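Order as written gives the chain letters A, B, C, D, E, F, G and H; numbering starts at 1 within each chain.
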Amino acid sequence: MSKRLFVKGNEAIAMAAIEAGCRYYFGYPITPQSDIPEYLSRELPKLNGEFIQAESEIASINMLLGASATGVRAMTSSSSPGISLKQEGISYMAGAELPGVIVNISRSGPGLGGIDASQADYFQSVKGGGHGGYHIVVLAPSSVQEMYDLTMLAFDLADLYRMPAMILGDSVVGQMKEPLIANKRPQTELPVKDWVVRGKGVGEQRVVKSLFLGDGELEAHNNRLHDKYMLLSAREARWEEFETADAELVVAAFGSTARIAKTAIMQARQEGLKVGLLRPITLYPFPQRAFADLTRRCKRILDIELNNGQMVEDVRLSVARDAEVHFYGRPPGAGSLPTPEELLEQIKKHY
Amino acid sequence: MSKRLFVKGNEAIAMAAIEAGCRYYFGYPITPQSDIPEYLSRELPKLNGEFIQAESEIASINMLLGASATGVRAMTSSSSPGISLKQEGISYMAGAELPGVIVNISRSGPGLGGIDASQADYFQSVKGGGHGGYHIVVLAPSSVQEMYDLTMLAFDLADLYRMPAMILGDSVVGQMKEPLIANKRPQTELPVKDWVVRGKGVGEQRVVKSLFLGDGELEAHNNRLHDKYMLLSAREARWEEFETADAELVVAAFGSTARIAKTAIMQARQEGLKVGLLRPITLYPFPQRAFADLTRRCKRILDIELNNGQMVEDVRLSVARDAEVHFYGRPPGAGSLPTPEELLEQIKKHY
Amino acid sequence: MQQVFKRPVSLKDVQTHFCPGCHHGTIHRLVAEAMDEFGVQQRTIGVASVGCSVFLYGYFDIDVVEAPHGRAPAVATGVKRARPDSFVFTYQGDGDLAAIGTAEIIHAANRGEDITVIFVNNTTYGMTGGQMAPTTLVGQKTSTSPYGRNQAKDGAPIRMAELLTQLEGVAFAARVAVNNPRNLLDAKKQIKRAFRYQVEGKGFSFIEALSACPTNWGMNPIAANERVGGEMADYFKLGVYKDTAEF
Amino acid sequence: MQQVFKRPVSLKDVQTHFCPGCHHGTIHRLVAEAMDEFGVQQRTIGVASVGCSVFLYGYFDIDVVEAPHGRAPAVATGVKRARPDSFVFTYQGDGDLAAIGTAEIIHAANRGEDITVIFVNNTTYGMTGGQMAPTTLVGQKTSTSPYGRNQAKDGAPIRMAELLTQLEGVAFAARVAVNNPRNLLDAKKQIKRAFRYQVEGKGFSFIEALSACPTNWGMNPIAANERVGGEMADYFKLGVYKDTAEF
Amino acid sequence: MGKIEIDELRCKGCGLCTIACPQKLLSLSEKINNLGYTPAEISDPSRCTGCALCAEICPDVAILAFKNKTVAHK
Amino acid sequence: MGKIEIDELRCKGCGLCTIACPQKLLSLSEKINNLGYTPAEISDPSRCTGCALCAEICPDVAILAFKNKTVAHK
Amino acid sequence: MRHDVFIAGFGGQGVLLAGNLLSYAAIIEGKNVSFFPAYGVEKRGGAAMCTVVIADGEVGSPVVGNPSVAVILNQISLDKYGAKVKPGGVCIINSSLVEVSTFRRDDCETILIPMNEIAMELGDARMVNMVAVGAYAAKTGAVALTSLTAALKEALPERNHKYIPANVKAIEAGAGRVTR
Amino acid sequence: MRHDVFIAGFGGQGVLLAGNLLSYAAIIEGKNVSFFPAYGVEKRGGAAMCTVVIADGEVGSPVVGNPSVAVILNQISLDKYGAKVKPGGVCIINSSLVEVSTFRRDDCETILIPMNEIAMELGDARMVNMVAVGAYAAKTGAVALTSLTAALKEALPERNHKYIPANVKAIEAGAGRVTR
């Protein structure tokens, strides 16, 4: 076993970005993710990379767009209000089929809200907070190790599918420290980036754009994007199942909530309740099949989120017709993180 | 019958805003909605109102926030990319419970895309494109008359529920001209705005904000917002039913698409097919009950949108468990508006 | 004995959350004094920005609207246009005004909105933990410029008072400091003058106040206070940059 | 006979979508000539903005990235930092650069990004149908200033060349026009000088080109052309505002 | 001494060349091209000096200019 | 001639008053207040002129100042 | 009854005014109408086009795939819209500017009217649109000619009301060229 | 086994270092651990707090509602967290600074240790956190004292390694105050 480091979730993301070959970072400070730019402002210069603290989140996402158009691996990070500001840029990147990793260590809202852990940006992330009906890859780590591993995966998926990829975390997974094995970047076969701008030289002109004005052109483009999303969905959905084999009630939860729920499930098992966990790791593509398959047998789902009900819609859209989907949500804010004890109670209530 | 004017959809919105008592407009030019600011730049000065062409969409939404905090009726308008830029501000307004009308005459995307009619901003509008899990009222007019009437309704709902309200249209309903009866502003009983900033005088300090840092404060605030959304949902869902009484297949469509579908349905009826239309007028709150009720009898829904499938999720979440929901979408772009003939074909396919 | 110094009426009698030696407190008080002086408290609408001064409403006994980060000038524009009879000011940090809010301050100033802007320049992002600001001095180490601000990559610190002075809409602009009694008394004077512009409807007035952030500079309050009068004031020269009205 | 005027190699041999008498065409050509002169076409990455010049890629035979409205300087920053060996320029209208993109141009300029910015000032939003721009002259009627720009409400037209000159990161700034042969030949010279700054790695260079928009000014091309040299150049003075390098 | 070639399909009839020509040789014709524009024409080609100012000012690069034995003007 | 009152609960012990006082009468005490700060104290109250500069510079309005029969300093 | 029509030509030929006039006439008759212009990028390059739908009851779709009638004022428009007319429909074509020899629609009625010449004869080439509308109304009966002439007051700005009589003549001239 | 603990005090009392040290010790023992600090606004006003969960298998929730143990270094922390300890749990309290007379938890074991005095005696008041960790480890057996001392090298920055022997003493002194 390689050495286990002891690392903060946010720093794990920064470390993984470097391991994944990312040398360009553009960001604007915001709690609770500032550890990421702080780490990279120290490390990137040593690696001949570029760290820019931009004038805003909007500038950051557009610097990312520019850097990504040249073919390099690049990243930005922010938290909820800042991510809202990036929505136009994300839509442009999706439209121009640009890879690029966006980290949202989300906080509680709406508006200025607070800085506590929240999952209320689920819809924004997976349904497209920006205009025009696109999708981006959305990964939801629930441990420091996953903060690291999924960041590397985000870079790979972004390059493989030529689309932005988001890490959606919160202050629980961002601020906590856990043992980390700093895995090497996976050996992924990546497509050649034959679309990047580089100065045409004696070759063909290349244009990175999302404007399509010819008759039928934009529709065809959108249909191609849609096909890509379907492919992504078929190939890349990831999830974790825990004690589902004999479960009579399965908890659906992602990220930090899934961690809290896990303890509650262990407690329930100790009390003899057959409870399991289905944790989506990719929020987009959503693991629909996993829910469909599971609910062919287990008909009771308890969806738990740090919001007033968002992922639960995707769960409902995925389960077997005769499955019951219950919801328990804690909208976020100071002092509002649910405890395992509290979730155990909910489990018992719906068991 | 009062005089029928002949008016462009966008202008109907501007006229209705004035009739509704709106005297403050803040916007930034963008096709295909510029008729709105152009109209208001002519008319508001005559009424002692203020028209500001702001430096950006972000400035516009924040001017709206400021004006609205003082209690006046105020509006902004834009189109898809500009609406993406407003997401942070919308989230702040929702968080601070500020009324205010936002018009999105949406265009095709993602990114720069094109300027043709699109319904791909459905998710952004109804699920909250901004951060933090809020909702806003979303109204989808499908005629010039509705552009007018629903704009007045938007101002009323915004004031009644202290939340932003959006008119979601596109270039079909925005650019077309139709007869319009310039109805008077409805006599709605509106709550006193006892929360507005006005200079405290000798009274209590008032603060308009979305920051809540005390233990449990933000959660309580979110729960209150949620209750409000539930109330809104119970009271304000609006829809149109057309020929649904005996229908064996019901088309679900909103806005411009519903108009196109209506002709297709009339054609289908002529051919003896029992087809109806259920047109959500409020996209948020979504007319869930209407779909639930209808599908107790009619088990076949064909959802049609100018995108690759968005409202269809809300339809699926609303219908009876044993209803079949089919989808036909044309992602938007130049030359990609579906024709009634084309939709008739789809109706026959799924009938 | 007569009381020669008292808490201004417009300033609530509460403990602030500011760190020891933070000049935000002093600047708050001077603003409250100016409010008292002109008797505008009752018709004031303050616009709070996002930064260490976000709790404006907790300290000033006035109506307050909270703006998203950087957008206070736009919010203030909406407020003032809708309520021209009110006294409207924004209070913004250097991240807020000189970075994310650049477009909003420039255009509110250019339109000559009849508002007063209090700009607190402490060469760093206080609230978020001391990252580099557009005003961070060359060579200054911050949590995102660990090797010191590098002019070749990060640019030179931006001088907002001078920049805004270029815009015709700006009626009054001054840079002040509160690090010693002399500067402080001058700051008091300029803040009052800035208020007077709005009170008499003479247009957009702007105060840039140099401010210490001992916490994020990693200095004790006295050393931080000295830095304000030292390298900060050397680069950000104090003075009145524009003063268009005769009173 | 020798050909004394020909189409620059970097400019594609196609019909443009510009209206008759629109100076965008002329400015495009001058930029292409500068590209030819320095032999940078093959390593150029152009950044197109949103406005009448959005089809940059249709006219220049170079690699192009399209930026969201106003964000070209940020996109160019990303491009140039990732590919420091490329020649990067943005081409932006006055709505794009002086309104929505204010923060991006100011900060790219302040950082001294090693790029060239071509700023086309035609006192209006061309592509969207002639709305008021930050550069619209006082009294000028546009589709959103139907009674003429009102300085008291809308502010004075903003002079970007002068404003940017204030920033240390700006190495070169000039305002030019192409409305008559003399101005045009000077414009050609200044554009080349701006390019030279980047070619020799001497920092951020900025060209503001006054431009006619006959369509949205409601003028015929000749009258529009005259307006450029008349009231426009009266307010927006031509000249070199900053020139820091010796070549 | 000089000569110009006007591309009638590219010309949009803006008339800017007509005011640029120091010899006042250019004017807009009456005939309409395929895009509905009236292209410029030269009245007395023999008087053209090849100064190329018309070409320089043309926003549509619709004019090419030639001159006898002189160095190209740049 | 003068007098100051230091609010020990408000004082954060920043020490700015200690450098503002022309008479150098102020210093930080050893004792810790309820927030963990060491508040300022005046050593020789009789020498206080009531110039109020300590009060002016205090970021926390923790000092009130009084003076004999003079007009309030503003 | 439901009538739908494409009107297409150059910018400057008054296509949008023609559509507006037709719409006002329908309103005068108490009918419903929807007028949908092509805009923005579509109209770049100087093309102008609009769709008008007139109905006694609901107009339904403002968007029409295959109109029953197309009024074609220039060549490009014929090339673009000629093929879209519904089988059994009608093409009213400005033969002054349009070469119809290559247009093959045996399933449509083709009405050729030298609109420019007619307008010129009446004294103003800009009245091509009026000739066209007159022909359309007379051919289809979508609106009465009297409604059209009454509608001129609404469709034209005040300052152009002096041209109403001339326009009425042009409408009538157009109408005179078709038999229903 | 699963151990969870709250450690709370003033900023400056080394609460986060204590949590880190415990975590490193757990890692040295091959266990899993999760360390979750309060941050941002929560830590305003100089409060510091962290949660540490140590487990042989999966740690599960890093968030704990009712910890089995709370290590309380100052008064405010007792007021805030004392009531949260699980029935049957343990409160290890710094009696140098905390007044326990009003603290009523008959269902918990309360261990009072005058940590400031002990640390002072050992020569440095800043070692309060070490005394506390020592007591916690000895009381719960969550980690071995030897692991703690081994972990000091990881938890302390290089420049402070010279204080390791003193810290070890403090840990041992804390441990000496409890019986398991």
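Convention: contacts are C-beta pairs under 8 Å (C-beta built on N, C-alpha and C of every residue); 3 or more make two chains touch, one makes a residue touch a chain.
In this text the structure is predicted, and so the values were computed from the model without any measurement.
Trainee: Mind listing the chains that sit against subunit B and also against subunit G?
Mentor: A chain counts here if it touches both subunit B and subunit G, and no chain qualifies.
Trainee: Name, by label, each chain that touches both members of the pair subunit E and subunit H.
Mentor: Where subunit E and subunit H might share a partner, there is none at all.
Trainee: For subunit F and subunit G, let me know how many angstrom lie between their CA-based centres, rounded off.
Mentor: Using C-alpha averages as centres, the distance is 87 Å.
Trainee: When the centre of a chain is set as the mean of its C-alpha atoms, what distance in Å lies between subunit G and subunit H?
Mentor: A distance of 86 Å separates the two centres.
Trainee: Subunit C to subunit D: how many Å between their CA centres?
Mentor: It comes to 34 Å between the two C-alpha centres.
Trainee: Can you work out the whole-Å distance between the CA centroids of subunit A and subunit G?
Mentor: 55
Trainee: Can you tell me which residues of subunit E touch two or more of the remaining chains?
Mentor: Subunit E, residues with two or more chain partners: not present.
Trainee: Can you list the subunit H residues in contact with two or more other chains?
Mentor: Only 41, 45 qualify.
Trainee: Going by the touch rule set out above, which residues of subunit D reach two or more other chains?
Mentor: Only 54, 66, 68, 99-100, 102-103, 106-107, 111, 134, 153-154 qualify.
Trainee: Inside the complex, what are the residues of subunit B that reach subunit C?
Mentor: Residue positions touching the partner: 24, 26, 50, 52, 54-56, 58-60, 62-72, 74, 88-89, 92, 96, 197-202, 205-211.
Trainee: For subunit D, which residues are in contact with subunit B within the complex?
Mentor: Contact set of subunit D toward subunit B: 50, 54, 66, 68-70, 95, 99-100, 102, 125, 127-129, 131-132, 134, 143-147, 153-154.
Trainee: Sort out for me which residues of subunit E touch subunit D in the complex.
Mentor: Result: residues 2-3, 9-10, 12-16, 18-20, 37, 50, 52-53, 55-61, 63-70, 72-74 of subunit E touch subunit D.
Trainee: Once bound in the complex, which stretches of subunit H touch subunit A?
Mentor: 20, 23-24, 27, 32-37, 39-42, 58-66, 154
Trainee: Touching residues of subunit D toward subunit E in the complex: what are they?
Mentor: Contact set of subunit D toward subunit E: 1-7, 11, 15-16, 18-26, 29, 33, 37, 178, 180-181, 184-185, 214, 220-222, 225.
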